[in-house]
Each structure stands twice: as structure tokens, then as C-alpha cells.
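Accompanying notes for the structure given below.
Every chain is named by a letter (A, B and C) in the order it is written, and numbering of its residues begins at 1.
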Amino acid sequence: MVRTSSPLTAPSRHTSSHTPGQIEQRSEHPLLAALRGRTGVFCIALYLLCIYPFCPELASTGQVLAVVHNAAPLLVLALGQTFVLLLGGIDLSVSGVIALVSIISASFITRQWAWAPAWTAEPSLSIAAGLLLGAVIGAVHGFAVSVLSLPAFLVTMSSMMILGGAAVWITHGERIGDLPIPLLDAAQRHYFGLDISVWIAISLALVALIVLRRTLWGQWLFAVGQNARAAYLAGCPVTWVLISGFAWCGACSALAALLYTARMETASPTFPGEILLDAIGAAVIGGTSLSGGAASALGVVGGTLAISLMAQSLTLLNLAHWHVLMAKGSVILLAAFFDARRRAASAAELRS
Amino acid sequence: MSETLLACRNVRKQFGSTVVLNDMTVSVPSGTVLGLVGENGAGKSTFLNILGGVLAPDGGEIELQGRRYTPANPIAAARAGVRVVHQELNLFPNLTIAENLFLDELPARWFGIDRARLQREATDMLRRVGLRRDARSLIRDLSPGARQLIEIGRALRTGAKLIVFDEPTTSLTTPESEHLFELIRELRSQGASIIYVSHNLSDVLRLADNVLVLRDGVVQTLDAATNLNESVLIRAMVGREMTQLFPRRQPQPERREASRPATLELRGLTRRNCIHDVSLRVDAGEIVGLAGLMGSGRTELLKMIYGLDATDAGEVLVDGVPYRRRCPRGWIKRGMAFVTEDRRQDGLLLDSNARDNTLLASWRQYSVGGWLQRRRASQAATQIQDELLLRGDRRVIVRRLSGGNQQKLVFAKWGLRKPRILLLDEPTRGVDVGAKMELYSTICRLADAGTAVLLVSSEQEELIGLCDRLHVMRSGKLVAELQRAEFSNEQILRHALDPEQIA
Amino acid sequence: MTRKLVAQLPFIVLLVVAFTFSLLTPKFATTANAANLLTQASSAAVLAGGMSFVLLASCIDLSVGSQMFFAAAVAGKLLLAYESVPLAIVAMPLVGVCCGAVHGLLVTWAGLAPFIATMASLFVLRGAGLWLTETRAMNLPAEFTGYADATVAGFPLPIVIACVTLLALTYLHRRTAFGRQIVAIGHDREEAYKAGINCSRTIWQVYLVSGVCCAIAGFISLTQLGTVSPSFGRDREFNAIAAAVLGGTSLSGGTGSILPGAAIGAILVTMVFNGLNLIDANPYTYPLITGTVILFAILCDAVRHRHFATR
């Protein structure tokens, strides 16, 4: 299932004279060692340093709060994406899932459909249905990737079209706006000065942290992401791990959909596709490898804050939508570039 | 013609601390055929890879027509006039014969290919290698033998000065081989030099002017073919002294009680075009070896047992009970462990640390309701790593450990499961001598504790030193069973080679 | 036998779809509609041809829609600023070549996975195009849009351009060393390297071809639509991939054809939407149907690939 990248294994002459002993004891400048794998953090610091003189108001409490506030749903998305990237896959269907889930949940809550019985308008049930829908969509992706061994990016890309299309079809392109006020109030309540969505995102990050570090599932995710074949030979249920990983991503996207809906107070059948760039960018800046096998929940929190910070600064600079698009695309390119370099370096090490 | 074409002086190559070519000195005059023979792992393929520009030697020098020869890659080697016809075929099934033959320099005309010239030259080449096919047919429609001929044609086409054939006749029919020999003689008469590598000793003796026998990377014999015969060659190939690497094992008197079912038993295992009717049994505490040449189906047999390859017929029994739905998870539950040939591809998480690799197959045992018991797991991992004398930094990623330490981790991973059945495929490949000895004692310790071990190895003294019994495989069949008393390098090699040529 | 049948499969599917629509509506099987369909399909066919090339080399280009848009934006800007039609027509392929060159460098020199590089580029180029047009629709002069209705020897110009491009691509694929080496690279890049092919250069050139195809397709669409709208070229990559794969080009590289493959695929995809239009289907279902068509194409490819892999 894993995407195959075929770096040309040209025989390298200069590295072949290393003996294993030398490799094990290679020393590195401490500064370089500290920066190793933290290129993202380094770039962000550099970026802040450059941007600060142009928008000093970025350092105000209000702006910092806005950054954190905007980061919350993105963090949820990025945490989902991280699990799939860790497995060596990718989920491009984010915007489609968000659109469909918010439409479905909002339709139930606002009783859009005559055939739905009255009890389906119960918010908690609708929310649960939304989350379940996300998880099922993700599981289908996982099934296609693991059992049918289709490439993840194509499956999720076509799924983005299908889901987004379904959302438009159901609503005929209309937004659903009349969400019940008490529900919106509950969803926008502040606790300890922060929006409830921030707390939800933080708790999800904690869950991801614990899952990745302390559970059997987390170990399997890493094992499958690093070497699916070795994991299979060692008795790991690879198919199940892939399906569940994609399902987690789908559920996270669904949760993000609900957070966005609550924030915008409407459910929209179209959702900007750029959100995908933010999610992948946050994951990759946070140290998730695009080729699978490396991820950290704390890193993703950092990556999300970085993306959110960048978006906020671009807004403060009064840049147009198109500049933001170009900037975010370039961030992905840069992150992917560093990721490729890292991979090439470790492949060279392997050959020696 | 006595002018020297290729001269190698003191060529050395080592992987890690294992020396695979040791001060190899040989010269090939132009217009001669050099036969190169040796057991698996004698250093033949390393030598070919150095000539073909895939590997760089660690020492010594090579001269081609009096000039220093250091090709950076296969393309440079071909430009210098050296072509290696590999055993694995590097052809593109969706292109035609002609396109495959001339892929890197298709004749150009205006913006396109000069089809007429391509067709003409390709047809000439096909006639030369003796293949009666239209040059416009696609490679995917050809038989393996025909593909082999195309591969040979590719090497001939540039007018190479030195052509190296690596086991060219394995997939050829007898007339095809005869034609190839004619071709080789013709090339020789035109002044090209040939290095001909084969396990078929009679072919080598018929064809070669000189024969070189390699053993453990050292030149054993280099003599004119007329002074040699097959027995001499076999003796030169195997005449190795036994080193004291192997731990002594107690003979086990209670083994092979007919009444008790074997721990692992194969009955008539068959896979089309690969494995034919293989039956054998391995009892608890026994180490059974599988000897054979490269490509005789040993690895494929292990993969079939483990459920990685499909089986067409036959069954695998554990304690006398047939086990049908074979898959890694099921086997691991039943206490089987499989140390694969390629630890980097199949065995290790190269970017994880030693602990995670050790626990790879056992996380479920060290978790309760999905929660890891990290302390208990770490302790167990450390303990088994200590038992296996794992050296090196255990916190670094495994990619940076030496081959020996990596292999010890693979053993640690399975050792933690306390396996009842252990399949080993080349367990000491690319491992230094010290680690090798420690791995041998680990294998024996496991067997003494009652594990049934099935060992595949290309190193015969490993088989002789470790095994209680040996099966010899040839072209997918078990052709001989040897008891410990009958073990000898010569015996094994005789069975592994084709019997017809040993008169 | 099976292989022959599978090779004819795209054509059979095309016939089945055409037959179904002609049963559903009498408006479908008319000469006027056929001409209309082919004109509509011409830009899709050029895109699909370029995409097939990329797929043959076992790469992918997700940014074709944005490349079209960017090239169109540049052309529109030039048209409005200098009022010179030839300048705009020359500029479009140049922009395509530049985009392709950058993609090629990202994939070869920087070593990015093709889908990541071109996915990021999808957004970057769309942003760049929006920047040029300032998110406004640009109406183009009639002397430019007139090309849509021009004819060459009685055939509409868009169809002629598409045919010429596809023939050129087919020639490139079948009859040049470049095309043959692409097939080798798509089959196994490492083996191709060992066989003496300069893989990086060839893949770079493949993206150049793709860029030029995007520009040509952009030109055809632009003359037909007459305006550079902010959504110009959006989601065209999906149709291009679907058309290429439905036409028999494998996603795993090495097999496929431009003519008839990509052409049939493009006509098939266009026909689906043309037919839906004629039977007055709910337009809100179109994105849904696009997605389903792609998924269908991927599944077909997987089945085909597996069938021959086990052979």
C-alpha cells in the first residue's frame, strides 16, 4: 500500500569506505544536532524575526488569542492527517469530509428532512452521527488503500470530489444557517478565557499523544508506517491498523467540521480546498514525515500554531487571498523539500 | 594473441568487517575465455559487480588494456568496453525486442527513430544470438530463455572487449546453450575476452581456456582448463578447513521417536514452477539444514511454509495437526518465528531504536487492554538483548548499527517470543565473525531448549557445523538427506550440482 | 485473448455509454450534438494526452487546471495590455514550458514526490493567476475568441488543434527515443537508469510536455469561453486523470497510449456530462459524478494491473 518512492540507488563510492564502527560513532556539532529534525521550528523562528518589524501588533494579547483560537479546528484536522501520514498514506479528502459532515449534522439538527423522525434532531445524536460518518468514510479509504492496494492520494482525491459533490447535491448549494441558538451558545462558550473549541483541540492532542506513546495501537501505527512488510511478518494486523488509522483521520476531520460549523454558525456545502494545505503543512512542520514512520503529537501542536501564526501575520499585513494561497503552497513545497533531503540522507547512510 | 586485456592486482573488497574478496590477482589475455567457479558466497558476484561498475573495490587496482579501470557506474563500465550479462533480467516488457536491444542509443533520424535501421540492426543481432523472432515483438511475449538471449544480445551490441556471463544457461534449452557456446567461441576468435561464471562445471571445462576457482574471496586455483577435471575443481571449491566457530551440542538420544509427531512436518508441498513435492520433518530440539545452490528454491520453501507465497498442493503439520490458513499472525500464535534473508527490508524498523525492534513481535504480550506496560516491556527487551550480547548504542536508530547488531536484534525479536519452531534464512549473511559465533550459540541454545530449527544457508560449513540432519535441494526438489556422520562439503556440493556432469 | 479484449475495453465502454444516452434522449445521437461533443472534448483530450505522458513515466501532475489558469491569466493580461493576439498565443506555451520546467525540477532535482509537488503547485499557481487577474473576470476581445469558431478545411479549429497535438504526442511516444525511454522509466526507473537512460532529464522533459499541453488546452478553452474567470480550469486535473486512465493508461506507469487511449478517454468523460446535460440531469450532481468516474477509473486500473501482474 505504501507509496513507493524510487530514489535512484546510484552506487556511491565516497561513502563505501566507512566501516560500521565509524558510522555508529559519527559526531556532530552540538548546534547542528539540536537543529536536526527541527528545521521547521528554525524556519518559523526566522520567519517571525523577519515579519515582526512589519506587524508589531502580532505580539499583542488579542492577536495571540486569535492565533490560538484559529489554530483549534486546524489542530484537530492536523492530528488526523498526522496519523495517516505516519502510516505512509495521505488524506486529501479533508474539505469534502468537512462539507458533507457539517451538512449532514446540521440537516438533522435543523430538521431539514421530513423523513427523519423528531428524535434525530437531538444535537448530541446528530453530532455523534457526524463523527461516525467521518470515521466510516475514513475506514472506507483505509479499506481501499490496504485491501485493494490503491494509492492513497488518488482514492482520497476522488473521495474529496464525491463527498463535496454529495454535499452540494443534498443542499443544492444552499447553506444551512438556522442552527439553534442555545446550541451555538454552548459551542462558543469560553472557559478560563479560551473558547471551548480550544479545549477540545487540546484534549484531542493529549489523546493523540497518549495513543502514540502509550498504546499498542500507537506502536503498531509506527511499525506499519516505518516498514509495513516487517510489521506484517512480525504478526502485526497491518490491514486493521491501516483501516483504523484512516478512520481516525476521518473522525478528526468530522470533529473539525463540527467546530467550523459552530464557529461560522452556518453549515456550508462548499469548503475551501486550501484547508488541506494548512492541515498537511501543520503536520509536516511538526516533524511528521511525508514518507511515513515519523510523527509526534506535540510537534503537530507546534506546527499548527506556526501555520496559524503565519496566516494571522499575513492577514495583518493585509495580503490578498492569492498571496496567502501562494505562501501556503510554498510552505508545503519547502517542508516536502526538507523531508526529501532527510530521506535522501538516511538512504545514503543505509548504502554505506 | 597474448596481449593482456584485463589485469586485476590485489583487488580487495570488504563489507563491514567481512572480507569478501581478498587480494585477488588475475589477468585475462585478449581472445580467451576465463571460467570462474566457486561456491555461493565465494566472492564471484562481488567480483562481477566490481567489473560492472556497481561496486568499487576497497583496495588493489584493475587495468583494462593497460589503462586504469575505475568505472563509476554500469554505464561507465559499458563505455569502457565491459559488459556484464546478469542472471536477473533487466528488460522492459512493454518495449519491443529491438527497442530493448538499443534502448540507450536508439538510431535517430530527424526527430524520431530510424525504424528501418533499428529493425535491420536488431534482426542482425537476433540472428547472431540465434533467436528466431521478429524484432518488433514485445518482450512480454517471450519465454525466459528468449529473454536471456536478448540480454546477451544487449551486451554484444556495443562491441564490448570484455563480456562477463553470469550463469547464462540456467533458463536456456540445450540447443540454445549450444548456440551460445558457438557464439562465445566466435567472439573469442574475434579477439574479445569472456569471463564465464557457472555452476555447470563440464560447460566451464569445455568452454574455458583458463579456469579460476574462488573460495572465500581467495584465488584457490588458476590453471589451464586442459590441466583440470571436475573432481579437482570440486575439491578446490570446497577444501576449506573447519574453524572452531561452532558450539558443541549434546547428541539427543530421544530424538526421532516414531510414535511422537514431529514439531514441524511438510507433506508434499508444491508450488508450480518452483517447489516440487517437498516432504520433511523437524523434531523438537533438532536443527535441520537445507543446502542448495542459489535459486534452488530454499527461500521460496520457507516463504511458503510461513504463508507468504501460495501453495498449490501439500500441507504443513504442527505436532501432527495440519495447519491450513497459514499467515504470519497465525504462525506467531502457534510459536513459529521466521528470520528472513533480508533483515533491512523484512525484519527491522530501521528508524526505530533497539527496544522497539526487539518488542516488534511481542507488543501484545506487553500490553493490557491496549495499554502498553512500558517498564515490563523495556525490562524484557533489555534482558534478551543482554542475553544475545547486543553491543552498540541501544538508543540510536537501528539503521546506524552494524550488521551483526542488527541481526542480533532480529534474533532478540523472535527470542522474546520463545519460539517452538524457528525458520532461519541466511541467518549470518553480512555479519562479522564475532557476532556470527554468538549467533551460532544462540541458535544452539534455542535448539537445546527444544525449538525445532529449519536452517537455510549458503555457507556450507555453517550447515555442517550446526545441523543434525541436512536436506539438499536442487531445482525445487529435495534430492538427498544426509545424516550428521555423512556430512562433507564434497557430498553436499555433489548433490547440489547437476548429477549428469559428475561422471 | 483477454489482453486483446482489455485493450478494446475503453472503446466498448464508450459505445455502451453512447448507446445508453441515445436511448434516453433523441437529442443525443444527432450530428450537431456529435460535432458539439467533439469540440467540447478537444481541450480535455489535449489535457488527457499530456496527463498520459506523465502517467507513462509513473509520475503525476495534479496542477494541470492551475497551469491552464495561470497561462490563461498571463495571456489575458497581455491581450488587454498590448492588444496583440499573436503575443498572447506565443506567451501561453511559454508559460506552460516554465511551469513544467519548475515541476520537473521539483520532482527530479529536489526529489519531491510528484503528487506532493504538483499538489502544492496547484495552489501556488492558482494564487499566482488570481494575483494577475485580481480575482476579476477578464473579457477577451472578439479577435481572440473568434478562433473558437474558425475552421480549417471545414473542421472546427479546436478539433484540428487537438488532433494535431495528439498526433504529435503519439509520434513522441511511439516513434522517438524520448518516448520509448519514458516507457522504460515508467516500468522501472532503477532498471532504466542501469540501462543507461538519463532518468532525471527525461522526467524533466515529461513535465515540459505536460506544461505545453496545459497551455494548448488552456488556449482552446479560453477561445471557447471568451473570459478568464477566477474559476477557469478548476478541477480539470480530475477530468484529465480520469480520461487518461479510462483510456487505458496505467497509474503504475509504462503502459498506455495517447491515440486512441487518451482521446477515447476524453471523449468518454465529456460524453458523460454532455449526455447528462441533454437529459436535464440535476446539475448539482456533476461533481459527485466526476468523483465517481475517477474512482471507477482507478478501480479499473487496479483490476487491470492485478490481472496482468499475476500472469
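By our rule, contacts are C-beta pairs under 8 Å (C-beta built on N, C-alpha and C of every residue); 3 or more make two chains touch, one makes a residue touch a chain.
Worth saying up front: this structure is predicted, and the values here are computed from it rather than measured.
Listed by label, the chains touching chain A and chain B alike are C. If you compare A-C with B-C, the chain pair joined by more contacting C-beta pairs is A-C.
Per-chain Cα centroids separate chain A from chain B by 44 Å. Averaged Cα coordinates give chain A a centre that lies 30 Å from the centre of chain C. Chain B and chain C have Cα centroids separated by 46 Å. The multi-chain contact residues of chain A, meaning those touching 2 or more other chains, are 10. Residue ranges on chain C touching chain B, taken from their complex, read 171, 175-177, 180-181, 183-184, 187-188, 191-192, 194-197, 254-255. Those residues of chain A that touch chain B in the shared complex are 10-11, 13, 16-17, 19-21, 23-24, 214-220, 222-223, 226-227, 229-237, 293-294, 346, 349-350. The touching residues of chain A, counted against chain C in their complex, run 3, 5-10, 92, 148-151, 153-155, 157-166, 168-169, 172-173, 273-274, 277, 290-291, 320-326, 328-330, 332-333, 336-337, 340-341, 343-344. In the complex of the two chains, the chain C residues touching chain A come out as 62, 106, 110-113, 115-117, 119-124, 126-131, 135, 189-190, 193, 199, 235, 238, 241, 251, 282, 284-292, 294-295, 298-299, 302. Taken in their complex, chain B has these residues touching chain C: 74-75, 78, 90, 92-95, 99, 103-106, 108, 111-113, 115.
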